[in-house]
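As written, the chains take the letters A, B, C and D, and residue 1 is the first residue of each chain.
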């Protein structure tokens, strides 16, 4: 997979530092993501991986550093801006809309693409209905893609964990993102579920050419999937490079691989 | 607890405004009478009333802290306790005995509420529990008045209620308010100590943070709930006595709850000091506004001024002055 | 048991996204409507139409509004009464200032004005959440009522502070307000509006805006991350909610009571409406109606029950007992079915669909 | 249009004697009527006959453009998808021969068929199948073109010989522009005696054989079926059985094309049941196990129902048992009962049929193996007209069908229209009729040994006509033996009768060249286990349970019932079960006691448990046995037990009063 020739840099984070009050979560992190690549961030729990994603899509605002996305440099991302700029994500502990069906959850993922105004939607006719149908179709394609037809109308609250993760991925895909942030998409899954999820990640990357930033614990998975890997440890950046480089990096071995797994 | 810097700023600014606005009003409009002694008289009157507000707010805070329940019934408990007290008193019970009896009643009430309501609604969404407490409110209002009738009763504890003059007569303060405030203050301190230094108190604080911790303290959740509701009941009784003997025991006491709400959001649902500071600010602010601003806009603003004031604070601190800051985790 | 769904397949998305996808449900709904529009006016007495069904419908509309805000968008509000009052007074001012305006126009405009006010008081919701917000909305409640009491302008300086609706007709002499209005006319007029708005609301909650509301309710941070704009989404909820509340208030003042004072919309009204949606079921159109029916009928039942069983109890005592029983029933309901009558209804339906199987 | 066999119709039918003609005919006469549906992207996407015809045309022309010649074979591999059915039609329109394969068979198995049938073109569903084709192509270049339906995951496959249906159809439209009239000419040039399709029978022994069927075989037989059952253009069928299986070809292709009714393709394997319910077919085929599973599901789900519901359910199911089938067969019942049944229909049967998705069914078939009488009656008593038929690929399915009103669980009905049947002296069933296949592809000797010169086909099944003139199939001919006294001995027949009892999982009958019939029995651990628990019978495991006297009593009842049944049967009454035992271990494919398809290997078992068999034919009442067993983890160990042997009650033969 490493011989794939990757596009130019779409996302560049420079010297990001983030702290909550006294606690320093991220310390001068810098790396970039190239178009169409699968980029992994690994590290032990509390290494600040999720915080990094939260910085990228603007949930957290770093005190130092800059983020360059699609040529625009800003000191911090804003959540809505990130979404509007085609950054979608999934969450470590599932953040689905519990009260809604699978279908509605994924439909909600398309909210940015729906233009008709309140009045049209109130009479549910003409433009509004046309839009609903057109987007329903798109969503159905995603449902088909993720093979979740049989849970289409089930309230997500009732779904097993693995399925919820899938639905969440679907919701992220619905936004047709350029950059997809996956926060431990395979955590707590059994082997088959993991395999499916891997397949989906790869398919997404190659069917839609989506750039993917991935946090994952399962080293096997990471090494197979990723083009390049960033290693964090307690907010510090230990290494950055192709899987085998990282694998052979001493600092990493000490800090992470050394520790069981 | 460490008070954040901006809280202090906010309070300072508030104090400044509380003085500045009335003064300016006095200057710009002739139908507002401003004079320093009068100002202080009003302010102090307000503060004293504020202490009473704090008292009711305290009941809310205790329960919210310990069980996450937004207890709308606090006002009703005030009324109910007062009614019971007077009722028993009228039945010929000496006042001290009546007070003890009422305490017992409030304790029983707490037990019943825990048994019947809380236990069967455990782990429901907050709004459901909130609605339940409104249900309790209706019940208590109805029950109390069914039992003791709805006509206005006077409650006399022999507290001097004639106006007293202080600072060589420049400032007039109602002695009753003074006494009431003192009593309230004492109660507040007692409670604070109770929370700081007793095992149960600590357990209660633990519960607020997380229920597991509370269990580890070794007190079953249901007991804790009974206890907080009982304590809230006692606080209600005290408030009931104070307000009751001030305004007479009548249905309107139940509405004190509505007065306490702004105090709460201003101080923060989970903070005892918040309830106190909030009470004082609201009390004083309200009176000052009533006297120095209201005349300009048609008066009678005390219904909502407290709320607007609180709202203004919320815009700066959505979690209230002393409430914990919520950090969004994803 | 009554359902026969085999062979009911959908070959278009329109069909699949329809409000009622099951044939039997559609039949039932049409039957209900036919009954409400055609049968009820014929069979029911002046008393029923005027003093039970009318307030039921109007309050149901307010409940619908609150349910959008609280049930769907998850913004707890105690300001309903205030918004109803706004609607009522707005309608009054409009109707008296421009006597030639048609009543429907008046009511709609009143609704829109209320929506504006709603947006104003919705702004804090961006920063304040949960009970803090609930209490904050009380501010609007008290402020608005105070305002309408204080400033004679709203009541056209009537000494009593009471406003009374000028007689207005939908067409010809089909008066729906004022002395010539028949109960039937009032009922039908209100019913049509309520049905219309119920449909609109249903449409909203099944379209994008509805999903955005629910998203904000279920997990606001996730909602924001997938691109939902908090402010506009919440304000839309406040606007539409208070729009309905405003209309309901206008109807209350004009069609139901005919003349009204601000106190009719005090905080107890807000609680009454809140009860309706809790008992009826949060986040359910049906719930608003079930809840309204329950809360409207219960007191009537309670105050009449003693007579039926031949007791006569002094009036004030009855009112106290009413309070008690009401409180108890609320608690009872919350305990049996925290998700309200709508959930019970839904469960019943499920049971019927799966019959004879349990699941 | 309900086809009735009158002259005009027959004449019309004459012209419509090939699928190409039928297709174009429907496109003309009912162009905008729905021909096919597929649950895709959440809704039932539909094609009317016009559209189907157009797609087929485009596809055909596309194939032609790629050099698909007359007589060329087109392998069709995948789940039931409209485009695959259209592919069939397209091939036929070009005078080609579709060869559907079992989509779940592995590349190696497919390789044989593809090679044997000289397939050069393959139309496959998706990546999975494409991969198989690529694998096959490594060893065998004969596949020149692969066309796929679902492009998912195939974007990076670039092989010159690999195209999507869409591409082909585009190509085809172009080809049609440049060669106007080509398609129609080709389609007309197909004749009734041309080869319509080749179906490979999944041979239990040896390699599968390609059954060659002509249009006349298929169409006349299918039409006869339609005429007999009065099927109309308004039927709805669910196409969910393998396309390679003759039944699917008959029900979801041939008959649809003849009667013009709608074929519905489910969304995926996982959603068949929901799709079944959504569509609510009016005409349905399922093998017995499907009905059996449905029934078990019903019972399991009812277990959890409230007491009241259960009481209602069982009460009305009893009513149905009493009168349901009679009412369905239009027989007289007491008005009171009738009323009860109507009530039951509202309260139980109707809802039940609905939940199962069977409430629009006018006609349901089952076939393939024997169906348990109570399963059969359960559905019939609900008012579902389910009937058994007896058929073979070699005869294009219809050999015998149960006529309405004469439906019995133990027979397969009377000969289908134009079909003659005869039983030869060793009891084997032979038939002759329009459906009789042309030949086995490239296998003259097999053809010769199955089909006589004058068109009689050996079914390989033993059977006889019961008094009521219905054919009764008892066993595979080769398994049928004789007891020493010369009575016919049909092990499978007896075993099935036993297995119809839920308590009995497997049964092995011995008796060939012996004086009497004796039985090994495997109890069904789950069923008997539940039964035991309900009686608070403690047991440690299978062995323990199997040895319990109470269990023996339970099984004895079953055995006796079977004997009673047998005693009514003129031919088999003497082969009543003499003695039986409950085996101490469950028969297991891993120990070679069952085939992978869970058929008992009698001879092997006989050797393996020789001591027990001997004991059965002695008068011992108990026998010690030790057996080698393989455990899940592959280890082997010894299993020892003392097995009790019991005598079964014997019944004096009585002629069945019909």
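Methods note: contacts are C-beta pairs under 8 Å (C-beta built on N, C-alpha and C of every residue); 3 or more make two chains touch, one makes a residue touch a chain.
Computed from a prediction, not measured in an experiment: that's the story for all the values here.
Looking at B-C and A-D side by side, the one with more C-beta contacts is B-C. Of all the chains, the one whose CA centre sits at the greatest distance from that of chain D is B.
Per-chain Cα centroids separate chain B from chain C by 33 Å.
Chain B and chain D have Cα centroids separated by 78 Å.
Inter-chain spacing, taken between the CA centroids of chain A and chain D, is 48 Å.
Mean C-alpha positions place chain C and chain D at a centre distance of 58 Å. Residue positions 42-43 of chain D are each in touch with at least two other chains.
The residues of chain B that reach two or more other chains are 328, 330, listed in rising order. Looking at chain C, one finds that residues 13, 16, 221-222, 225 touch two or more other chains.
Interface residues of chain A, counted against chain C in their complex, comprise 57, 59, 79-80, 82-84, 88-89, 91, 95-100, 104, 107-112, 114, 116, 118, 121-124, 128-129, 131-133, 136-137, 171-172, 175.
The part of chain C that touches chain D in the complex is made up of residues 1, 3-13, 15-16, 354-359.
Chain D makes touch with chain C in their complex at residues 37, 39, 42-46, 236, 277-280, 298, 301-302, 304-306, 309, 312-313, 346-348, 350-360. Residues 70, 76, 124, 127-132, 134-136, 138-139, 142-143, 145-146, 149-151, 221-222, 225, 267, 271, 274-275, 278, 282, 316-317, 320-331, 334-335, 338 of chain C are the ones touching chain B in the complex.
The residues of chain D lying in touch with chain A in their complex are 40-43, 152-153, 155-156, 267-268, 270-271, 274.
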